[in-house]
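Everything below concerns the one structure shown next.
Letters are used for the chains, namely A, B, C, D and E, taken in the order the chains are written, and counting of residues starts over at 1 for each.
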Amino acid sequence: MLEPVNVSLESLNLMTLSPMLIPIIGALMIIVVDLFKSGLDKTLYVMLSLLFLVMDFGAILESAGAFAQNGTIMGIFDVMLIDGLAILSQLIIVGASMLFIPLALTSKRFHEFSYPEFFALFLFMISGFQFMVATDNLILVFVGLETSSLALYTLIAMHNRDKSFEAAVKYFTMGALAAGFYSFGAMVFYALTGSVEINQIASVLAANKYADIGYVLIGVTFMLASFGFKLSLVPFHTWAPDIYEGASASMAGFMSIVPKIAAFIVAMRIFEFLIHSGVVWLEVILYIFVVVTMTAANIWALVQTDVKRMLAYSSISHAGFVMAAILIGTTQSNSALFLYWALFTFTNLGSFSMLWISRQKHIPAHQSSDHSYNKFAGMVRTAPVAASIMALFMLSLAGIPPFALFWGKLYMIASAVSGGYTVLALIMALNSAIAGYYYLKLIVYMFMLDPVKGADEHVFTNNASLSLRTIIGLAAVGTIFAFIAVNPLLEFITAFVYNSGY
Amino acid sequence: MELYLYLALFSPLAGSLFAALFGASPKTIVAGVVPSVLLFVSFVSSTILLLHILSGGDAVHVEMMTWMATGNLYIPFGFVVDQVSVTMMMVVTIVSTIVHVYSIGYMDHDKGFNRFFSYLSAFVFSMMVLVMSDNFAGLFIGWEGVGLCSWLLIGFWYEKESATWAANEAFIMNRIADLGMLIGIFLVYWNTGTLQYDKAFAEMQHLDTAILAWMGIFLFIGAMGKSAQFPLHTWLADAMEGPTPVSALIHAATMVTAGVYLVVRANPLYDLIPHVGLFIASLGAFVALFAASMALVNRDMKRIIAYSTLSQLGYMFVAAGLGAYWVALFHLMAHAFFKALLFLGAGNVMHAMHNELDPFKMGGLRKVMKGTFIMMTLASVALAGIYPLAGFWSKDLILEVAMIEHHYIIYSVLLFTAGLTAFYSFRLVALVFHGEERYKLFGVHPHEAYKFMLIAMSPLLILAIIAGAFKMTYFEMVTQVLPATEYHIHSALTYWIMTIGTQLFVILAIAYAYKKYQVAKEDPAMEKRLCYKILINQYYIPYFYEEYLVKPYRELSTIFWKQVDMKIVDATVDGIAKTIYATGEKTREMQSGNLSTMLKWMVAGTVGLLSLAVVFGLAARYSDEIKVFLSGLGV
Amino acid sequence: MFEAIAFYLFAFLTIAMFYITVTTSQALYAITALAAGMIFISAFFFILGADFLGAIQIVVYSGAVMALYAFGMMFFDTTRDVKEKQGNKAIILGLSILAAILIVVIFAVPMVSNNITALYPMVAGAGNTQEIGMVLFTKYLVPFEVAAVMLLVAMISGIVLAGKKMDLSLTLMSDEEIEAEKNEKVRS
Amino acid sequence: MLDNILSILIFFPALAAMFGFVIHKDSARAYGISVAFIELALSLLLWFSFDSNASGMQFMEQLPLVPAFGINYILGVDGISLFIIILASFFTLIGIASLTETKNVKNMIITLLFLQMTMVGVFAALDAIVFYVFWELSLVPMLYIIGAWGGPLRIYASIKFFLYTFTGSLVMLVGMLFMAYFYYQATGVWSFAILDWYRLILPETFQLWLFGAFFVGFAIKVPMFPFHTWLPYAHGQAPTIGSVILAAILLKMGTYAFIRFSLPMFPDASVFFMFPIAIIAIIMIIYTAMVAYAQEDIKQVVAYSSVSHMGVIILGTFALNVEGITGSIFLMIAHGVVSGALFLLVGVIYDRRHTKMMSEFGGLASVMPRYATIFGLMLMASVGMPLTINFVGEFLSLLGFYKQSHILTLLAGAAIIVGAIYMLAAYKKMFFGKVTNEKNRNLPDVNKRELLALIPLSIITIWLGVYPKPILEPINNSVESIVQLMHDKSITEEAKSRIPNLIEGIEITKTSTQGAH
Amino acid sequence: MIEIGLTHYLVLSTILFAIGLFGVMRRKNLLLLFFATEILLNSVNIAFAAISHYYGDLTGQLFAFFVIAIAASEVAVGLGLLIVWHKRHGNINLDKMSTMRG
């Protein structure tokens, strides 16, 4: 017969759960509020969500404090794993969400924001991501991943136009396939080691000296396929441009950051130990992935006619760039990943927000799509400040110093250099040069061409409201003055990454 | 004395700047008079300096200020007035003062009057820098300065295509030579560590002959350009496009002799390398003959005189090359006087004939232009080297030098050339001043030039006549710095035979010229002869340059631009960019927008990874066997 | 012996059913075959002693999921023949077969390391359900709760997406249209 | 104030540019002139407070930027950078004063002020990353200037300019990171400070690779053959002010960086690559001069002539002795003045006729005598007439390289011939002959505003040609310390023999590196 | 052959997985495509149960349990999306769903 289990409350470390529980509570509260009085304005929900996100952020900071003191914390039967990676990535996730959620306060009305469910789902999604990064248990990763993904599919679809449905369906279908790959990969690892905890897997494999390398490779393959999908590595990237185009610009910006950092963390946890144990194959494959993703996505971005699609491809390319960190696998490179992503958050969210404020409901004849390049022609005449800010984001994305992303690129390439990946460093550098072209293209349109005749003059701030402007302002300030923040950020990140053993 | 040095040096500059002030305004006589007066000041100062030197004073040496100083290199603006430079200063200031005054009349009707004087004085300044500098860099300043002014003055009538073309030709050709000069200067610097004449020459005594030879050769290349020696001679004839006073001053008396001056100045160097000197002498002799031959048939008054200048420069180089530096300098001085006179006379004729240059269209001008006739005839006599005019003393001396140094070939060439010189000089005189008044056919009414122009020319006339008298004074003066070799033919008999023979030969040549051209007639038979064609076409050298250097350069430039730069270098860069872009265009089809394709890509990616995994897995599993297999293959 | 027969039988049946599911052009056949396949899979669970899982499989899949699909089929009116234009069949077939062969090649090789220690061993004498419950509510309490959240998310999503409010897109309407719509609602 | 004068010099224009956004567009020019004037005054103050006899860095400033990664905000000037900074502020003033663009003057002036910040920053930076920041940032205003105010192909030209240089500098960035990494390996500390890097002695193979990486970035910027093709487009399409600044200052970044980075950091590699680079330089000199001769557009002539002159600068730099390097630095300034003036002159005629084709002109000397005179002066400076500013630099550069190779110098010396050919040919086409085109008959001569820009340049051209000492002396002192450093650092025999040992320089070098810390 | 080991189950699982992949690639009707994704997840479940059985470890069963839960949730969301799409377009053919490309 089974013995009753006695568990002391202290040993559970319940506080490890608090950051994830806060958004869940928030979501439930929003639903309950809606239950009691429907038809409340979206501002209420935006502020409620923001409030909970702030609390969430606070909770994460608290666990960060705990981590700084005591090191890695395991909780709830060792399912929860609060280490540096978890904390840093959660900070990015929640931080980016805090920047994202006020974007709902547009001056024009959009379908999704009329639902309180939108905000509830959003908060659920955040907690899903948080679970995903704060564990090394493949089951919890899977469940967290699906929670957030399912919510995300819905959020995309709720934009409620043909393209967003198409996007959601595509994303969903491919996501289902990726989920299949994930479970298969997990199965292989389980078959190999009898465990679904990454630490455990690592130690068992190490104990066996990777005798069953073939099995390991199959497992890695499926994991790669699954996370390749999430991280949009070529050739698993095909969803990205379409989904970005179909989703609202703000959502696209969000998607380019938050789901990816969560996936990066899991990928880091899984692949890092493999690379360090000398699985050369993985190193080669990752190398190929990194190079192909960076380069191919850049090349495709060159030929885009729509700014949003261009940014989508550019996000793919950036993901490939950052993937190099996992390949290199040094503390420096892993810190570079976080630094890069933190800076990328500001810049990319900023640039997508710029698209968001210029979103029209009806596309004029001269525009072939929502954000085609010629929409921005001559923008400097009609909206000089907006054009300058947009140009600023583009320059930052291109890696022009001293704007935010330059420091990320710098540190990333430096980590490649000190990791011994000379050729990779060169490829990364040259790819930045290719990327320069399409970012410049937008600048050229904005600053050097004449406006299309008959274009609506107010198009660029069509959708702007105070809160949107604030967010963009924040992003711009963050982008410009990144050089001040780099040092504290870097020290903070390096300490956390190092203390987590990565 | 320093004051006089500065006065001599800078008053032309002041004159130039003064005239430049009126550069854009219409003609003002002041712009001509003031520079002339300032030049006279310069002349007076030079004379004072000359007297100082003559009276046994030390060479005046000043260092005005630092120009360049870096590393070990130290170049000051330093000026020295010694026996050599004072000679040159005298020549320059005398001739240029006269030419200035003359030009006031000559350029009377030209709208660029003010500009002209500005350029002319600037030239004199550059020339003064050239001759007075105490180091090679300073020499180079003057060297390039005179080149610049020559460009400005040849191209003075810039609306004339031929003038601007000639100006550019002169400048570029000089530049080619200047490169040699520059390299020579570099050689001097890196081997002696200084560019000061005195220190460098002192250092050279210890250097290897080969290095010295290279120095000598490169410096001489510089001299060849300025002095228009073969093969860089074509510019001088073309330079006659400039106003005639310019030809008189620059292209006869002063600038073209700068090359000779350089060789004379660098005599310690050339003394150490006699084989280079011999080469210089040979080239000089060749050029003397070569230029004289071209002068025989030419139908352009100024070009004839220009070729004669070239020929005389050849004489000077013979002297300098054979180590008779003072003789070279002496001939330089004498030549300056009579050749300037000749040119100015030619200027008068041109003025009278409304810029007609073909002597076959003149004739009988002695009646209307008495003064000019006398002056030009006397100048020609001097040029031909008839006793007792200046040319006799200096030219005969060169012949003697060649004789004494036992270079008989050179001697005979020079002797023959002397005959040619006499012939073409009097051919010109005969054609212009004697015979029928052919100009009437063209409806020209010639008139004598302004009085003051003739008066201005008269000092030159006097000097051309009496310069020979100063031979011994001069010898004593310059040999204080130059090698003092007296050239005396030991046997008096030989001397007299030589001298009288030469005189007779020359007089015969003159007589023949008079006979042949007293009645000028076209001679179609002669014009058909091969040698005539060669001579009138200047040995086809300009043609050769145009066809085989200028045109290929132009075409090669176009090829470089249109083919290499645009189609290879630039196209490669653009090609890379275009390839990347085209790759994008082609492969974007991968993103067909069809969900099924997307799923297939995902599966394909996974399968691709799987096959790689299997290959690797198998390889890992059977690594030992593979190694054995490979080693069996001998890999 | 019995186990082997059962394995091969059900393996054959499952493969056949699933094969029909993915190849048939009749949606009805497909759903039926899928449901059958699911049930056969639960048989494997019973063979393997995972009774709880088997029960869940039948309840969730064959019950809930199939019901949903059936509902969907009726809604989408896919009872008639499904016409599917096929592109390059070779690629599809090739890729799947290649995938199968590759994995099988590796799986056919027995694992070298068999010294796996069970982290959560089955306890003799306890029912499968009890064991599962024990682990589920201790170790996997958090995933379980998160799964609950996930189901909630799925529920909300389903309701939102299928709800009537989605019929009218505020995203595509201009502000004037939205106001007009609102007023109409108030009036009615 | 003197303690922070470099920071003030860098950020004053930027701050002024920010304020400039609120200036009314009619007053923008006056504002720009005032700011540029103050900046020039400040840079002259820098010169007057500069100790010409010291060879080390002066006015050093240091602020931590990313200390965790060894990136610090370090500034300082020595004789090498001082004059280019002054030149930059001088040309900004000249440029704004002579601005003839009528479209969006305000944007132009703001852009120019930002550009000035980056230019001063590049030359004052003593930290590789800070250097890189300004280096890259300088592309942006220039991109805008070319792209927004340029000719018909302006977008192509500006993008080409940007991407080409951007690509090169990214390779350079990798090189910098490697250098920092080697420094880290050697000392255990990350540092991007150039003066720290100076003390690092690398094995020869490393030097070769790093030299190559830096070379790509610098060579494209210079631009060296065969990376030069962006330049004619950039110049050809840019507005006058763009060409002026590009030629006068931006191109100098490349050659300056060679002296600041490549030579002292990789002395052995510099010696190793001396001849290949000299050959490239000679190709630049002769080949681009010939290409210039073939041009039909006067601006292209000047553009290609820039490449040709940059060849001489490179040659002087790689003479690796005091004469050559001093000469090349002087030539940088000289070429800045002269080519800047030439571009201004081209702009003058372009403003009047809106064409730059030489065939459209002819006989301008009689229509615009003052213009012809100034053009002639600059032409003579450009062909290296003694007593003009260019000659000093050209002479010293060639003189310096003659020590290394006779034949190559002879070939390179062809610069004075081919330079004369294309320049005189162009001048002849434009100014000589009769006025054939009726449109040219009544062209007004240079006006006061243009003279305001051209006269100072003419004065400088002659003044520094006659009396280069005030500039040459500080340059010489700094160059001596660099040459000595190179000699001390070099490890191969070849390098030791190629780079002269200036015995008296040792003391200076030591104090200068110590002074840096 | 007679003795059924883990390998048998793994191979079976793989074959089913491949069938699922085949279906995913082949199907153009979204509903039927979703069937194929169910097959993918189910095939893995067999393997989990088998491993769990042979290792005597419960984790596999729990994983399978969660997979079932996930599959069920996915069906709900997926069908929701399909319904919206179908309402607008009257079809669920994915070939007609390619407005975004390039």
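Going forward, a contact is a pair of C-beta atoms (placed from the backbone, for glycine too) under 8 Å apart; a residue touches a chain by one contact, two chains touch by 3 or more.
Computed from a predicted structure; not experimentally measured.
If you take chain A and chain C together, the chains in touch with both are B, E. Counting steps between touching chains, the shortest path from chain C to chain D takes 2. Each of A-E and B-D has its own count of C-beta contacts, and the greater count is at B-D. Of all chains, B has its CA centroid at the greatest distance from the CA centroid of chain A. The most central chain, judged by C-alpha centres against the centre of all protein C-alpha atoms, is D. Chain centres computed from CA atoms place B at the largest separation from chain C. Chain B and chain C have Cα centroids lying 98 Å from one another.
Put simply, the C-alpha centre of chain B and that of chain E have 94 angstrom between them. If each chain is reduced to the centroid of its CA atoms, chain C and chain E end up 5 Å from each other.
Chain D has its Cα centroid 43 Å from the Cα centroid of chain A.
Counting only residues that touch two or more partner chains, chain E has 6, 10, 17, 20-21, 24-25, 27-28, 34, 55, 57, 59, 62, 66, 69-70, 73-74, 77, 80-82, 84, 94-95, 97-102. With touch defined as above, residues shared between interfaces to two or more other chains in chain A number as follows: 139, 143, 146, 150, 153-154, 157, 169-170, 173, 177, 191, 194-195, 214, 217-218, 241-242, 303, 437.
Residues of chain C in contact with two or more other chains: 91-92, 95-96, 99, 103, 106-107, 111, 116, 118-119, 131, 140, 143, 147, 150, 153-154, 157, 159-161, 166.
Applying the touch criterion to all chain pairs gives A-B, A-C, A-D, A-E, B-C, B-D, B-E, C-E.
Of all residues in chain B, those touching chain E in their complex are 588, 591-596, 599-600, 603. By the touch criterion stated above, chain B contacts chain A in their complex at residues 577, 580-581, 583-585, 587-588, 590-591, 593, 595, 597-599, 601-606, 609-610, 612-614, 616-618, 620-621.
The residues of chain C lying in touch with chain E in their complex are 1, 3-4, 7, 11, 14-15, 18-19, 21-23, 27, 30-31, 34, 37-38, 41, 44-45, 48-50, 52-53, 56-57, 60-61, 64-65, 68-69, 71-73, 75-76, 78, 82, 84-86, 89, 91-93, 95-97, 99-100, 103-104, 107-108, 110-111, 116, 118-122, 128, 131-132, 135-136, 140, 143, 147, 150-151, 153-155, 157-162, 166-167. Residues 160, 163-164, 225-226, 228-230, 287, 290-291, 293-295, 321-323, 326-327, 363, 365-366, 369-370, 373, 380, 383, 385-387, 391-392, 395-396, 398-400, 402-403, 406, 409-410, 413-414, 416-417, 420-421, 424-425, 428, 431-434, 466-469, 472-473, 475-476, 479-480, 502 of chain D are the ones touching chain B in the complex. Those residues of chain A whose C-beta lies close enough to touch chain B in the complex are 169-170, 173-174, 177-178, 181, 213-214, 217-218, 220-222, 224-225, 228-229, 235-236, 238-239, 241-242, 280-281, 285, 296, 299-303, 434, 437.
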